[in-house]
Each structure stands twice: as structure tokens, then as C-alpha cells.
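These notes open a run of structures that come right after.
Below, subunit A partners subunit B and then partners subunit C, in two separate complexes.
Our next item is the complex of A and B:
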């Protein structure tokens, strides 16, 4: 039987006296939802541990009290991950903010899970090294959330996503025990198996991360950023196909559709993008002696695909403007619509025009505004459907479109999520990709570390329900 | 809803640069599919050994310096469990966070949970110029040159930077680029070798050393010293894949592995490194054994 909540709070105060425990409805309101917004779940309590040791004590107390435990970083997830879908406690990592070490010769750093990307980037600036994964939510999102959802970003086409940079992690398991998988050297440590591989991208369903060792890499010496406009989907697709195979190996290949461009250009974030076209932003970087040689041939790929408007620059301010426009999308959508639902499928790039057309047809037919941006190099599609969750008919329409889109994604050989994770938003689609045997193998993993699904229940797989 | 098990069919997709083929394919078989499309799979340890054996012998190849380990270049597989059941793990697209990452876990697990039947490989643009250079000089010069090279932005553009440790150690640098760019690489390497008093010369062959008998994973900071010290073992040849922090050790007698790793094991573990060998399977701690046993039970592997 679950003890009364007041007894749990008292036990938390005893075990983790430096931690903050909150229960008032006003305080809970801030933790009801994540970046997905429209699906909200009120937690019974929120705990902010003062450090990793107290976090371990908090987990132990909650485990013993049979309270569902949901870890939360900055709460920017777009898939309904850091919410108390079955009630219980949110454990917020906002106090775990230390960058503990930066090793210049070893090319690694050690950070606590609540460190955010901007903080890390600022700390790394003087070293000439960088940590490449760059989700657009970088100014606020935490490394803990990034590792748990295997975050990506615009520059991941060449540099790779979070999992390519995690050398090791420290995790608190359900019984409050702390384990370290890997470390600065990025191997297994004393373990036979590479358990960190199962932890990365596990969306808070296996344990609570407290520390990471991350791989660093030299900052590029020079960057050229290109912008090209296209009149239609076919020429846009041609340009993307040309870029992904170019030996200059662009770092980023980003696509904004005309509706996304219009949204930026009619806002206070306008940077003078030409309206009414598909826009590709791409970037090459490296030693000046190499990238300067490559500029013309990249521009030629963009032109020969059908763009009459190719601009390129090696000026930091031009680059910042373009990426500001691209990265402003999330915030702008929140301003123009009460709610939005963003999908995160990854598709084979030959299906790009086809899938975009499907999105437009479906959205137009249903009268749902859709604005699409894409990490096009990776085939990672982000259609944003705008709606009002107070109108049940609109929710139904948007969820219907999402489901049909996912079906098509699976048919063309794509993946449900490239970087946002499954959360509770996409869990119903998992049987589309996993047959019974694969599903069985997947569901075996929590049996090792979190057999009763007390950590983050109702996420990733609908079967994951906590039974106290 | 799809309720049937899905598998990868063999295919070549030149747009996405992905190729699905048998895990037992060798370099020539991969090239037959990839080369006509101007693509290549750069992560090779040797030309004749089946890819699955290469992957089992080390998570890294020399070109991992530029492209990352095998697990970042194999996006999916058809996997056979020990009792013959087959599943698909991973994807044919290069990016996914959809469920637990069994792909990387299984790739690192030797054959403890079965074997790969087919791989989906991530290919890269093939260029017309491939050269390997040796940089020779005294140990102190090699060390400082290596340190400087690892911190340079050129690191992303060199196919590999290896320290070949033997009687007279040298740095081995592989370049793969369009002909138009080769001069820029040459200029860089000449200036670099001059700066560190190293002699720059073309290497006799490609950076293919074969499947190592022992793999030691440490950090880039300690990789050179580790390789140089392991190379003191009689008959050992060591190749440090420098930016990966990996030492490939080639031994005349695999029976010596225990004796070689014993003195370095605890220091490696303390920094989250480890050693592995296709000739030896270490046993897990009691706690890990209990996790493995749960996994095997859940997966119905006796």
C-alpha cells in the first residue's frame, strides 16, 4: 500500500534535508506539462535535490514509498516525457548545475545532469573545444534531458547526436544505488556489457542520471553559411540530395518551408528572408585552407538544383541571423497558436517531397495550419500542427493526421523519432515499428533496472504502467 | 498497425548513402555495391576478413578518427538470437531515438546474445585521392606533434591519425579527399611536420592493420603512452587510433593477453576504459551477472 503523501514528505525531509519538497497546487502547475503543452498531468509533489547524493536518497525514499518517479531537466521535451503521467513525484535536477572538470588533453568534460548547453558552451569557449550537439532549446535544456532523449540539432548531420558524445554516465537506480557506466575513456569500465548504451535515449525510464562524461572536439576554424530558395518541393529535394553527397560534407542542411519562412518574417524575429519559397540553410566548416576551396562547388550544387537565389557568407553575424530565424520557430509557434504538436519522424530522403506533400494535403483538408522545418540532411522532419486543445475536434484532427503521417513514415522505412523521443505522445505508434518479438526484446530492458516501471511510467511503451 | 516482425531486405540507397548487405561481406563485396554510386564504407580493419568479424574484434577502425566507431556507422541489423529467432534492430535512416538502443548494446556484446545476419551500413562520399603518410622523428617530437594535431581543426578532415608503436614509432596519417583539395592537405602536412622536426614520407600501403588480438580503450591523452608501453611486450605491434583513445595490439601469442592487461586493468577501469579481446571472455561481477541473467531470461536465451 502506498503511504500517505505527508508521510512521504516527512521521509524525504529526513533523508534529504537539503532538498526542496513542494506540494502546493500553484507550485505543481508549473510541472504539469512539457514543451508539448497540451497534455497535462498534475504531480503529487516535486522534489529538487540539492546534490547527487541527496538525489539518490530521494529516489530510495520514493521507491520504498511506491511513488512513481519522473525525472525532469528543463521540461522542454516535445514528446510528453518529463510529466507525471501516473501522478507521483517529479524530481527536478535544477540544482545539479556544476561543470566539474574540463580536460583539454583528454578531450572530455565532466558535468552534472542539470547543466545546460549554453552554460557548457560558455565554459568551453576559451579552450578551443566544443560539444557539438545543438538542440534549438540549447539556452535552457539540460544535458540530462539531452542524454535521456538522445537530443540532436541542426549541426548533427555531420557531427552526430548526443549518443555520439556520451563517454560515460552516473545513474541512480531504483533502490538508490549509484553506478557509473563508462567515464572519461568512453569504454565499459569494469563492466562486461556496455550498459550506457541502453541508458542513453531511455527517456527517464531506467534510472536518474546525475553526471556525464562528454567527448569534446576542436572548434572549426572557419564556417561558410549558405542560403538558397526554391520554388517547389522537387527542386528542394534535388538540392538536399546533392548536398548530402557532397565531399565537403556539410555540417548542417536545414529546410524551412514557405509557411515557416512567413511565420518568422511576420514576427519580431524577422531577418529579411525571401518569402514564398522553400529555404535551405546549409553550412560547411573546417580549416580555412579547405573550406575556402569548397565554397563555389557547394554554391553550384544549390544553383544546379534550381535556385536562382543563392547567398553565402563567412561572416558570423549572417550565420547567426540565419540560425536565429531557424531556431526561433518553437518560440514563435507558441505565440501564434494556443497549442502546437510537432512530429519528429526520420524518413529516407528520397521520400521527402512525397511526405511533405502528404503533410500539406492532410493539414489543408482538415483546415489545420501546418508549418514545417526539417533537419533535412538527416531526413528528420518537424511538421508543426497548430491547434487549440480546448476544442476536442481540433485535437482529434491533429492526432489523426499524426497517426496517418506515422503510418506513412513507417511504410517508407522511416523512424518515429529522430531526436525528441517517444514520451507519451508517440508511444501508441510503437507497435507500428516493433513486431511482437522486437517488442518483447525492448520491454525486457526495463525488467533489468525498473521492473515495475516506477521510473517514468506510461512513457515510450504504453505497456509501461506502474502497479504499486 | 503493423503487428508482424519487420526485417531489412538487402538494398543500396545512394541518396541516403546506406547499404544493407550480409554481415559476412568483405571489403570487395561492399565496394561492389557502393563504388558505382561514388560512395564508400571507410571503417575497415582489413580487406579479406568478413565485416562481422572485424566488428567483433574491435569497436573502432583507423577511420573512426573521422567517422566514429562501427556502432555509429551501422544504423541497423537483422539479428539472430542464439535459438534462431530473428529480429530487426535499428533503422535504415541515420538518426533515431525510438525505444532502447539495442543496436549499440548488441554490437558491443560479442556473440553473447546472438549474431548479426545483415548490416545496414552508413556510407560516405568516395573521393578520387587516397594517400597515407608517415611522420617520423624522435619520441618527444612525435608526442608534441600528436598533441597539437589532435587539437587542430584538421582532425575532422583526416581519415586517420595513428601512432604506430614498434621498434621505431611513427605517426601515420591517412588523407581521403577530392584531387582539388590534395594540395591544401599536402601544404598543411609539410608545414606541420617541419614545425615538429618530423620527416614526412608516403607510406608503403593503406592504413589496414588487420583484426587486433587485444583492444585497449583509454583517453586520447594517454593513448600514445599506453601504445608505446604495450609495444614493449616481446613481438607486440601496437597501433594507437589517437583521437579515439584506442590501442590495437597485435600479438604473436594470444596466450599472453592476461599478463599484458593485468598491470593496466585497474587504471583503465578507473577512467571508464576497458580492454577486450576476441580470444578471451572475462566474467561479470555478481551484480552484473544478475542483470545479464535477467536479460537472458527475458529474452528466453538459455
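Our next item is the complex of A and C:
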């Protein structure tokens, strides 16, 4: 039997006196949803642990009290991950924001889970090192959330995603005990249990992350940014294929469809792109002498694919302008629509035409505006459907389109998520991708660490319901 | 009837992306999402839509906001947070959900009568001019006790007869009544740079004070200033206080351009002062860079001070002043300031000047003298541009 909430609060105060425990209805409101703002789940309590030790105590108390536990970083996720889908407690890591060490000779850093990417980048700047994953919520999102969802970003085409940079993690398990998985010594020394890959992308279903050891790389000496537009999908695809095969190995290949271009061009952020065209933005970086040598040949790939307006620059201000239309997109969606649902499918590049047609057909039939952007290098497609969540029919329409889109993604051999995670937004689609045996095996893992699904229930698999 | 903020769709513009969290001083202080713009918007929306009962915590989180507006420029969805906050604050005060401190209520009444307010603070000006600064928020300075900025400007205009652009200067309420020396310096710098200065006689408080506190009176004050400024044949209205400048912008837009005086000087070009010793650390007022969306104080203007200068670390972050926030929420304001001012302990240069362009930020920074372990002086950038030889004498 679950003890009364006041008894849980009292136990939390005793076990973690430095932590904040909140439970009034108004205090729960701010924690009802993540970046997928239209889906709300009101928690019963919110705890802000003062440090990692208290976080472990908080987990222990909540475990003993049989309260569902959901870890939350900045709550910028777009998949409904860090929300109390089954009520219970949100444990917010906003006070765990120490950068504990930057090892210049080892090329790694040790950070707490609430550190955000901009904070880390600012701390690394003087050293000439960087941490490459760059989700667009970088100014706010936490490393904890990034590791939980194995976040990516525009530049992950060449640099790889979060899992390529996690050397080790410190994790609080359900009983409040603290364990390390991997570490800067690559699994030797005190970090014998090098199972870190099990934890990365586990979306809060296995344990509570408190600390990470992250691999760093040198900051690129020089960057060139290119922008080109294309009148049709065929020439756009030629450009993408040319870029991915080019020896310069672009760090990012970003695509916007004509509807996305039109949205920018009819807004105050217009940059003068031709209407009805696709947009490609790409970047190369590395040692100055090397990248300077490759500029013209990258431009030639873009031109020969069929673009008549290839622009490129290595000046910071110009580069920002070339990237402006792509960067403005997310914000514009918010300005033109009360809500938007962004999908995160990964598709084989050859299926792009097929998927775009489905998006256009579905959106037009339902009268739902849809604009699509894509990390084209790695096939990570982000169609955005604009709607008003206050109108139930619109929600229904958008969720219907989303489901049919995912069915098609699976048919063409794609995956449900590239970088946002499954959360509760896409958990119902998991059986479309995985058969019963695979589902059984995948569910067996949380059952070892988290037998009753007390950590982040109702996420990733709909079957993961916590029963006290 | 539905809630006015819902009717205008203002509250539904937030898409809950969270980009505001890391720029919000109270979120950074507390780590509590309810104490962030996205959290507050959610509370207000839930209550307006009837999904959340009136709750003392909602009142508390509303009162906690500094009003620095750092969330506005980073908001991808363009949420008009400042307008929503202003309306909500006013609603909370009107409904008795929040009680501004009595001294603020009194001041809000007093500033509606500028002559009375100026007369009432004459003893305070006299004390300052004699070198007494009885409160940590009162920074040193030697204001004229009797002569008004308007009279002073008329005198200087007659004497020097500048022929350049013509501006109408907002002299402000507290600025004129307490820190008049900054207005005098502004007049001197403008006239020294051949700018014609007009001081509208009928001008009143800009209304920012009432916006911050949520008290009645904003509309009347705006109307008064529209009557005072709009008939004038000037190139721009200028303000030497970023907060007042923002309020005046809202008042006069789109009928008259309103410029921060330093921005205006940067555009027309400015006489440089002789190079001087010491180091200036420049802090940028929130209502300049966030509220007015200005890129900051122009580098050419800072160069013209003759001082070696650099931006203070995190210059765009709030100092905790928030207009009257340091009076309403002194503990929070102090914590914000303690973090922000810590760099002065190790800062290079001697003497050190902390310069900004808003008198309420100067007041807050002056109170950091008990936090910082070495002496420093607080100045308005316009004072650093002030000609060494006063043209009036």
C-alpha cells in the first residue's frame, strides 16, 4: 500500500534536509509537460535534490514509499519523456550543475547531470576543446537529458551523437545505491563495470543519472558554411548524395522543404530565398589549410546538382546569415501556431520522396499545415504539424497523421526516433517496429534494474505500468 | 466570460520549449521551474482557463519575477512576456493577491505630482550634495538642490546655441528628484556635441514604477507624456535611463522615435575625452538590451569616455535591481548581485568604475560595496562623457 503523501514528504525532509519538496497544485503545474507542451500529466510532488548524495536519498525514500519516480533535466524534450505520466514524483536535477573537472591531457570532463550544454561549452572555450553533440535546445538542455535520450543535433552527421562521447556514468539505482558504469579510463581502474551503453538512451527507465565523464575533441580551427536552393526534389537529392560522398566529409547537411522555406519567407525572418524551392545548408570544418582547399569543390557539388544560387563564407556573421533560415524555423512554428507536433523519424535517404509525398497528402487532406526539415546527412526527418491543442479534433487529426506516417517509416525500413527519444509520444508505435521476441528482450532489461517500472513508468513501452 | 489574457491569445503563444529557463535569474537562483517564465505562463494559463484554482503559490511566483525581460529575446515563439506580466501584476494587486510595500505605494502616488515629489526630496538632494549617503542604494553624487534640469538646459541652450539635431529629454521622476546630477551631465554632453535639448515642461513619470509594482496609474501617466512629447518638433525623444526609455517607447510608439541617449550619441558621432587612468567595467541594463532589444551601449561611445573599458562578465544578465525588485525582494536581489559582482574582487585596474546606463541599476550596484572586498565607484556612462570643464561655468 502506498503511504499517504504527507508521510512521504516528511520522510523526504528527514532523509534529504537540503532538498526542496513541493506539492501544492500550483507548484505541480510548471512540471506538467516537457517541450511536447500539449500533453500534460500533473505530478503529485516535485523534489529538487540539493546534490547527488541527497538525490540518492530521495530515490531511496520514493522507492520505499512506492511512488513512481521521473527524473527531469531542463524539460526541453519533445517526446514526453520527463513527465509524470503515471503521477508520482518528478525529481528535478536543476541543482546538480557542477562541472567537476576538465582534464586537458586526458581530453575528458566530469560533469553533474544538471549541467547544460551552453554552460559546458563556455567552460571548455578557454581550453580549445569542445563537446560536439549540439541539439538545438543546447542553450538550455542538460547533459542528463541528452544522455537519457542519446541526443544528436545538426553536426552529428560527422561528429556522432551523445553515445559517442560518454565515457562513463554514475547512476543511482532504485534502492538508492550508487554505481558507476564505465569511466575515463575506458572501463579499467575503479570503473570496472563498463556497461555504459546500456544506460545511454534508456530514457530514465533504468536509474537516475548523477554524473558523467565525457570525451572531448579539439575545437575546429575553421568552418565554412554553404547555402544552396533547388527547384525540385531530384536536384536536392543529387546534392545530398554528392555531399555525403565528398572527401571533405561535411559536418552537417540540413534540408528544408519548400513549405518550410515559404514559412520563413513570409515572416519577419525572411532572407530572400526563392519560393517553391528546397534549401540545403552544409558545413565543413577542420584545419584551415585543409578546409580552404576544399571549399571550391564543395561549392561545385552544390552547383552541379542544379543550384543556381550557391553562397558560402567563413566569416562568422555571414555564416550566421546563411544558417539563419534553418535556425529560425523552430521559433517561427511557435509564432504561427499555438502548438506543433514534431516527428523524429530516421529514414533511408532513398525514401525521402515517398515520405514527403505522404506528409503533403495527409496534411492537405486534413487541412493541417506541415513544414518539414531534415538532418539530411543521416536521414533524420522532422515533419512539423501545426495545430491548436484547444480544439480536440485538431489533436485527433495530427495524432492520426503521425501514426500513419510512422507506419510508412517502418515500411520503408526506417526507425521511430533519431534523437528525441520515444518517451510517451511514440511508445504506442514500438510494436510496429519490433516483434514480440524483441519486445520481450528489451523489456527484460528494465525489469532487472527496475522490476516494477517505478522509474519513469509509461515511457518507451506502453506495457511499462508501475503497480505499487 | 473568459479571461482577458486568454481572449487575446497572449497566453497560448508559449509552446513550452524551455529556452527561457537559463536566462531567468529566479530559475537560476532556485532551480524551480515554476519560478521561470515558462512556469509562470503555465500557472497563469491554467488559472485563466479554470484548470487551476487561485493558489497562494501562483501569487508568490508572480511576485518573484524580477521583470528583467531576458526571456523575451530568447523566446522563439515571441511571447510578449513583459506585457503579460504587467497585466497579471496589476490584476494581482487590484485583487489584493499581492501587496506592494507601503513605501512603494506612497512613492507611486507621489511621483504623479512631479513638483511635489521634487520639493519633498529637496532635503535628500541637499544631503547628497553635502556628501551624505544614508542608504546603501543611494550612490554618491552632487545634485543641484534648487535648479531643475529644465531651467539648467534652457540656460545652457541660450549660452551655447547648438545647431545640430533636436531632442526632447525625459528627465524622469526619481532621476530628477534624487539623482539630478545625471540629468545635468546628460544636458552638458548633448549640448557639447551640438545637440539641441528640449525639456518638455508637462512631462511626468514614465509609468515604469507603476508597471513594476502593479499599481494603478500607468495609463494616465502615459497619456500625460503623450500630451507633453508628441506636439514637439524634435528628431527624437531621448532617455538616460534604460527602464524609463522602454516605458517611454511604449508610450510614444509609433508616433515619435524614442532613443537611449547613448545610442543616439553613438549614431551622430561624439567628441572623445582625453585618455584617463583607471578601468571601467560596463554593465548593460536589462531594459536596454532585453526590453528595448538594443545591441548595447555603442563601443564608440564607450571609447569616447577616454577610459580603458570592457564589458562586465555576464553584462547582459540582471543585477537584481529590477526597478523596485531590490526593495520588494531584497534577499533574492542580494543573491543575484552577490554572484554578479564577485568578479570585482579580482578585476584588473585601479581605480575601478562600474558604469551602466540606468539609475536603478546604479543604486543596486552601489549596494554591492558591502559585498565586494575592494573599493569601486559607480557611474552612469553619460557622466564619464561629461566635459571636464562644465560649459555652464
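In the analysis below, the second predicted complex is superposed on the first by the 439 of 468 C-alpha atoms of A that agree within 3 Å, B and C clash if a C-alpha of one lies under 4 Å from a C-alpha of the other, contacts with A are read in each partner's own complex, and residues count from 1 in each chain.
Here is the rule we go by: a residue touches a chain if its C-beta (ideal position, glycine included) is under 8 Å from a C-beta of that chain, and two chains touch if they have at least 3 such contacts.
Nothing here was measured: the structure is a model prediction, and the numbers come from that model.
Touch criterion not met for A:367: it reaches neither subunit B nor subunit C. In the superposition on chain A, A:272 makes contact with neither subunit B nor subunit C.
More residues of subunit A lie in touch with B than with the remaining chain of the pair subunit B and subunit C. After overlaying the two complexes on the shared chain, residue contacts for A:392 are found with neither subunit B nor subunit C. By the touch criterion defined above, A:126 reaches neither subunit B nor subunit C.
By the touch criterion defined above, A:202 reaches subunit B but does not reach subunit C. Subunit A makes touch with subunit B in their complex at residues 103-108, 128-129, 149-150, 152, 156, 160-161, 163-164, 167-168, 180, 182-195, 197-198, 200-202, 213, 217-221, 241, 244-247, 249, 286-287, 289-290, 293-294, 346-350, 375, 378-380, 410, 413-422, 430-438, 440-445, 447-449, 460-461.
Those residues of subunit C whose C-beta lies close enough to touch subunit A in the complex are 9, 12-19, 21-22, 27, 31-34, 36, 38-40, 42-43, 46, 52-53, 55-58, 61, 74-78.
If you check the complex, the residues on subunit A that touch subunit C are 20, 22, 24-27, 29-37, 48, 74-76, 92, 94-95, 114, 116, 118-119, 137, 139-141, 330-335, 338-340, 388, 390. Residues of subunit B that touch subunit A in their complex: 1-6, 13-17, 38-39, 68, 71-72, 85-89, 91-102, 104-105, 108-109, 112, 124-125, 127, 147, 150-157, 177-178, 180-181, 184-185, 187-188, 217-222, 243, 245, 268-274, 282-285, 288, 291-292, 294-295, 298-299.
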